[in-house]
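Read from first to last, the chains carry the letters A, B, C, D and E; within each, the first residue is number 1.
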Amino acid sequence: MDILTQFVVIPLLTITGIILVKDTRQVKMVSAIGMGLQLIMAGILLFLYVSARRAGNSAEMLFVKDIVWFKSLNIHYTVGVDGISVAMICLTSLVVFAGIFASWEVDFLRKEFFVSLILLATGVFGFFISIDLFTMFLFYELAVIPMYLLIGIWGSGPKEYAAMKLTLMLMGASALILVGILGIYFNSAPAGGQLTFNILDISKVKIPMSAQYLFFPLTFVGFGVLGALFPFHTWSPDGHSSAPTAVSMLHAGVLMKLGGYGAFRVAIFLMPEAVKELSWIFIILTSVSVIYGAFGAIVQKDLKYINAYSSVSHCGLVLFAILMLNQTAMTGAIIQMISHGLMTALFFALIGMIYGRTHTRMINEMGGLMKVIPFLSVCYVIAGLASLGLPGFSGFVAEMTIFVGAFQHPEIFYRVVTVIAASSIVITAVYILRVVAILLLGPATNEHFDHFTDAKWFEKVSVITLICFIALIGLAPFWLSSMIGSSLQPIMNKILALNPF
Amino acid sequence: MNAGIPIQYFLILAAIMFFTGIYGFLTRRNLITILMSVELILNSVNINFLAFNRYLYPHKLDGMFFSLFIIAVAAAEAAVAISIIINIYRRFTTINVEDVDEMKY
Amino acid sequence: MSLGTFLELRQELLLIAAALLVLIAEIFSDADKKRNTGLLSIILLGIVTIAGFFPAPSGQLFGGMYLTTNVRLLMKNILNIGALLVFIQSVTWLKKEEHCEKASEYFLLLISTLIGMDFMISAGHFIMFYIGLELATIPIAALAAFDRYKNKSAEAGIKLILSSSLSSGILLYGLSLIYGTTGSLYFSEISALFANNNIQILGFIFFFTGMAFKISIVPFHLWTADVYEGSPVNITSYLSVISKGAAIFTLIIILFTVFPVIIGTWQKTIYVTSVLTMTIGNLFAIRQQNLKRFLAFSSISQAGYILLGFMSGNQMGMAAVIYYVLIYIFSNLGAFGVVTAISNATGKENMDDYNGLYHTNPKLSLIMMLSLFSLAGIPPVAGFFGKFFLFTVAAQQGYYLLVLIAVLNTIIALYYYLLVVKAMFINKSETPVEYFRSDFPTRFALGICIAGIVVTGFASIIFEVIRNLSFVI
Amino acid sequence: MINLGYTIWIPLLPFLMFLLLGLAGHKLKHKLSGLLGTGGLAIITVLSYITAYKYFFTSEKIDGAYQKITAFNITWLQFTDKLHIDLGVLLDPISVMMLIVITTVSFMVHIYSLGYMKGEKGFERYFAFLSLFSFSMLGLVLATNIFQMYIFWELVGVSSYLLIGFYYQKPSAVSASKKAFIVTRFADLGFLIGILLLSFNTKTFDFITLTDPTGTAIAQGSGIVFMGLSVMTWSMIFVFMGGIGKSAMFPFHIWLPDAMEGPTPVSALIHAATMVVAGVYLIARMFPIYTFSAPVALEVVAYVGAFSSLFAAIIACTQTDIKRVLAYSTISQIGYMLLALGVSGYGGYEGLGYMASMFHLFAHAMFKALLFLGAGAIIHAVHSNYMTDMGGLRKYLPVTHMTFLIACLTIAGIPPLSGFFSKDEILAAALHSNKLLFAVEYAVAGLTAFYMFRIYFSIFWGKETQYHETPHEAPPTMTIPLIVLAIGSALSGLIPFNELVTSDGKAFESEIELLVAIPSVLIGLLGIGIAYVMYRKETTIPEKLAATFKYSYKWAYNKFYMDELYLFVTKKIIFKHISEPVAWFDRHIVDGTMNAIAYVTQSVSFRIRGLQSGQLQKYAYVFFTGAILLAILFIYLWK
Amino acid sequence: MIANQIMFFLLSAMIIVFSILTVISRKILRAAIYLLFVLVSTSGLYFMLNYQFLAAVQLTVYAGGIVVLIIFSILLTSHISQRFEPAGLKKSMFSAIAALTGAILSIVTILDYKFEATAIAAKEVDMRLIGKSLLSVDYDGYVLPFEVISVLLLAAMVAAIAIAKKSGPAKTQSPTLKQE
């Protein structure tokens, strides 16, 4: 079996294992082992990828495996990775791994919980390795549905409402995507010949402009919903706030990245001409997302809402950057995805842990936690600092790459919008520091808090793993950036060749 | 036998009968009269078939046979319908169609 | 009659033979052994089903009155499989005291409807088609009214038989007009003589409404919900999958072979009605509490999606429709199987009764969930593939707007499917359905459904086979 | 070429120390962690002095000019072929000078803190943060490119945030730290935009390329005009915005006085000697671009500096919290430096302002750190920040008293202390360039002398105050740094800056301009005299004066209501009129739309239920009319 | 006006009048009788069209079978003298409009079309031909439908039995009639 398919197979085997074990206590171990293995696999993949590139393999996608599936429609099971997918796979395995540990104390229907969680992960992994639009779409939908159960069963607050809203909005998004990919499919051979779902093959032809005008907005908005594009972001705050910890982590950390990645792989990559013509509309929307999300976060009282809005803002930046059709900005977008994935997963993990102790997420009901649970609080501060783009953490690298890249755009409109988007860094600082100040600093407000215990070992595993990687990217971004950049190079060349500015 | 009568006459007659049957189906309250309306409808179709057959395609017998089978089917249908109607009467003690509406919305 | 003729006709002949055997068994068996006729019917139908998979020659019999091709055979096989599943699911219900003596009638009627459907599919002549249609309808009406002591059952029966007679009246009127303008009732001759004139369109529309009635296409669907609710559960599932599937098969065959000339008209017709069907079906389904009624509306909207596959007059559309019906049979029978099992065990059919079902009957809940997801078109179950191909067909013809409407409708559909999932998995209940162990037939049938739901999608070979067979309609 | 590669360890060592103390500090003994931090700093102080020696006295000069040496450089993040962030060490006169300043002051502060922070909870955290700060500050001054500078610019910001909020359980400290961070962050946005503009025009971040007077970067970009100013000017103004924020110039000065909530040694290090002069350093670093490409921006620098210095000096006269007075004094002095840069030219004597600015920076670092540390010793002794609680302390704190006096004299510009020389040269430079600014600076010089001696007299002389416990002189760990710094302040005037730190690296001749110097000394003495009269003994003059200039006093006392203005902007405008409406909009309009869709679907579903009436005939009616309508539609309407 | 035209119009008038009476009569038994008249008149039309066999079938099966069945069922379920409430005005109005629209639509469409008689000579429809066609397996032979309809009739019979058959102990006693 090829290495990429294993990313789907290992979770499935893990699920089987979970179903088979009798003792519910072993469920956790099985999941942890499975996802640990997955993490190791991701590491191996990264290594293999980098060494293959070093060895001079300049194919656009590596480890390509192509199996004809539905022959008559030319649907293939095609997997392959470039630097971007490798990065996303690593991110996913990290977040899932951390998520398993963050949900160590789930008791209610434990087996089902971990099965759903890993099923969700399967969908995400499958999505990232696919280079066939059909399988990509299949895995996308696969990832959405476990979400419903996870939020609906193990969530809190108005969980049923939130779960339903989230699912329906995401499926609505997938409706647009479906129409989009069908449109792409039927225009994938304008000069006659075999229609195809293969992204690489489609990218070699020019989809007729009339089709692009129709299908670019559809696919972009479709994936944009998942990427929390204004005004379709509203599933995100409610969904996050009701979801259990690990689900929030996975959701904000990984699932929202499907949006950015998909928009990049499908909407932008396949229809660059339309991007050039229509990007201004979406640039406006995304920059609204960026600013709006940040402002929205300022006045929220629920920790998860704050982070949900912050995710809107950060993910808006991803979509913003990929629309720039500029290698640097796109590199930044990919790094931002990874960075945001890690940061927000960390945030949600911490919020979950804090909630597990205080049983509230309202910041004004808490205070002075730094004194009682220093470890978690310090981690929260670190997450906050990373989120506001402090150098040394991944957020800075991502944001700066985006801003510098976007600012190289030859048209003044795009540069002005870049400046507007850049101003979000200040607003981000405002809401992050507000939370830190109210939640962690100051005198302890509640006597009950005094007997809290600090993080347990599994919580530490979860949190430290994430922090390490955030810092790793922040301190040594060059390898990631060059890996992604070199993967983007051929794509950009192709786009620019088709579409010279 | 039918000289001087254009085919349209038959067709119009059938149409009138057909839509009278429809009207009956839509307005009669008694299940049995509704069934009778159905018979009107089927009868009108038969007239159509036969008229077409005789006027336009007299060398074949499709229309006639179709009518024949329609009559047979109508009989079977009527039998089953009537047995159900009787059952309805036992259950509801009425065969007023408007009262047979336990299930709705 | 040569052996070849027999082989071509074997589906129908075997079914007739089966019907007669059941009848004889009924007549000559003791009163206390009558329930064995159920077993006999299942075995007989099983034999027929298996026999259907042996290759058979294509061709026409009775001067073109009866046509058989591989794809028609496949359709019959699919219906047989579905019918067999319904048969198996019925066993538990028929064991009840008030039904056990009528078991052989039950099976006899079902087999005769199956005969009707097979003739309908194989028809090469409108008389054959009409008789098949009625044979597939009239016994069903009796079965709907089967439960003699329930008002709702009688009501369902009368609603079905009267509606269907009205619809067949209109259909016949349409056929008479078509006959009047073409002079033939043979499919092959009509298609050649068809011109796009008003009277023929009128005839076509009337014909279409008759079929639309069988498929429950809006606005010809109104009988559906009431009949589904009132009928015994197994009859409901039979109606919703087998009857509907047969009608869909027949309609697509007739549209593709008899009316290719007016493809523009029927595409428009189907465009309008499919949008209506999906939307209205979904809007009604949202509010349903009774699960049978709920599944009735869901099956209406499913019919709307299936219509998308009609939009292209080519074999791809044909294949997509057949494939979807196959999946739909498995999915819907899965869902109905669970409803049946619970209804048999507890008599509960309302959504509230399903609250907390997962905690008492996890397996049934999971089957229900998978079936509903398949109906909703969620991967990895087969419904996803089926829907995708249907949409592909419509998109191929450039009907992107229609596809978009359809996909948006699947969201509404997903909403109400999730309501059931929510009831089973999320809601809490003071008085949940007690744990019970279903008997073997139920489990067997559900197992097959689940296997079908899972395998049909991933095993692309199934779709490819269907598609290759679809070249000759 | 001399080998200076080891200089990379100068910033790295504190970073390692930070990691060590941050990750494992809570497991170490307090004393050990303090000593570790201090020891690390001792090493890099020595390294810095060696580097300074090597650079100034052994490095090769070309054309008599000091060269910019890139001692170390790696590419950290590649954006495009030309644009990349490097991390490295750039040595040139100003960065080497800053090395000396930072390591010296930091080292002193470390030693001082060992005594000052003794027994505090979070001792090791404190030293970890200090190490982080040292790392960041050193990285900032040694930056080889503007983006590296921005990175460390942010990092010093966050270290400052962490240190201001060191007493995290004290609400005032928490809000002060938050304020400091956000205000500077806002300014940094300007810096970032400036960088973006600059890089867009010049396609480089590299300082050497950027500041080469004959290079392409300076030649480029000045042509494009936007709103009357060249793009280069705009970008330099934006870059300067970052400087305003960090250096607490008007209107971003408001965070600095509040920042005094942090431990006093922190104020000495960060908010007096090093971080706050980063703005000055930034302008000095970019100076060739300012003079050649963006003279207008340089003028802006001058005016902002002049205004801030005057403005802060006035406020300083009215404050009673000694740390706040010192904070305003810092603002005022930094205004001086910026003014000096703003009026400077490039090369030779033209660059007098530049040299003066750096000179003043150096001197200021010494004496202001000394003042703060002295203030710390005082606060340590009397447990209060307010001079109303103090008086007559000269008896109790002799060492502190003497060193404080030296510092006050230095800042007042009394010869032969260092402040005299540096201030004199600033004034001279201003005189040659802009008479108005020159006049302002004279006034500020007087005010400075006045307010410094105001606190000096209030603390050490003034009324005899009764203390709960008799104040004690600080321990040697605290007094030794005072003495060292006092010596530094006194003697640093002797360093020949005109030979070492000049705008083009070449030495030039400069001498005391008596015409400028004598009046300035006199003005200083005048200020001291007034303060002597008013505060030497307990008098009512201050109250009377305050009553006379009631409104202006009140305005000045309330810092011209700048804080209130900021509060208004943040609470009223951002929170009330932007964020809350946004949140409301999101809940009700955006979310509401989604809910409305669901609601409409539901209610449509309810409305049309009549269709399914249960009436067979109604069904048939719909059936029939449906058929008829379809027929009409497809026969007559849409064929 | 020749005899057959008179005949035709007479039969047509009867059919139309009695059809209408069938659907509006307020007495159910009368309605059934009117229906009988309609069916008989129709068979007259069949005679006119020279389809004697079918006319005979019409008379026996329809008039003799179905109508009798209907009358029986009427007797089982209604009082003979029972008068119906007339259909509601709204209902009649709407139904009439719909039916009229449909009728107009159909008639207009039918009249729109030019029917052209075939030139091929008509076949003499005698019993032999009918019998042959009915049992022929070739083109224009109807043996298959003929066979299948026997299944249909069997099924209908079984269906009627299945509905009527009592099975097991009744849970609820049927409220009125005791049949069988």
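We take it that contacts are C-beta pairs under 8 Å (C-beta built on N, C-alpha and C of every residue); 3 or more make two chains touch, one makes a residue touch a chain.
Fair warning: this is a prediction, and the values are worked out from it, not measured in the lab.
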| said: Along the graph of touching chains, what's the shortest path length in steps from subunit C to subunit E? | reply: 1
| request: Count the smallest number of chain-to-chain hops linking subunit B with subunit C, moving only between touching chains. | output: 1
| Centre-to-centre on C-alpha atoms, which chain is most distant from subunit E? | D
| request: By the contact definition above, name the pair with the higher C-beta contact count: B-E or A-C. | output: B-E
| message | If I average the Cα coordinates per chain and compare with the overall Cα mean, which chain comes out closest? | response | A
| remark: Taking each chain's mean CA coordinate, subunit B and subunit D are separated, in whole Å, by 96
| query | How far is the middle of subunit A from the middle of subunit E, if each middle is the mean of its Cα atoms, in Å? | reply | 69
| request: With chain centres taken as the means of their Cα atoms, state the distance from subunit C to subunit D in Å. | output: 77
| query | Any idea how many Å lie between the Cα centroids of subunit A and subunit D? | reply | 36
| field | Per-residue overlap in subunit E, given as positions that touch at least 2 other chains | value | 91, 95, 98-99, 102, 105-106, 109-110, 115, 118, 140, 142, 145, 149, 152, 155-156, 159-160, 163
| message | If I count partner chains per residue in subunit B, which residues reach a count of at least 2? | response | 11, 18, 21-22, 25-27, 34-35, 51, 56-57, 60, 62, 65, 69, 73, 76-77, 80, 83-85, 87, 90-91, 100-105
| remark: Multi-partner residues in subunit A (2 or more other chains touched) are 168
| Touching pairs of chains, which are they? | A-C, A-D, B-C, B-D, B-E, C-D, C-E, D-E
| message | For the complex, give me every residue of subunit B touching subunit E. | response | 1-5, 7-13, 15-24, 26-30, 32-33, 35-37, 39-40, 43, 46-47, 50-51, 54-62, 64-65, 67-69, 71-80, 82-87, 89-91, 93, 95
| remark: Per the touch rule, the subunit A residues reaching subunit D in their complex are 165, 168-169, 230-231, 233-235, 237-238, 292, 295-296, 298-300, 309, 327-328, 331, 368, 370-371, 385, 388-392, 396-397, 400-401, 403-405, 407-408, 415, 418-419, 422-423, 425-426, 429-430, 433-434, 437, 440-444, 476-478, 481-482, 485
| request: Please name which positions on subunit E make contact with subunit D in the complex. | output: 91, 94-95, 98-99, 101-102, 105, 109
| field | subunit A partner contacts - residues on subunit C that touch it in the complex | value | 316, 319, 373, 378-380, 384, 388-389, 391-392, 395-396, 398, 400, 403-404, 407-408, 410-411, 414-415, 418, 421-422, 425-426, 460, 463-464, 467
| query | Can you list the residues on subunit D that touch subunit B in the complex? | reply | 609, 612-617, 620-621, 624
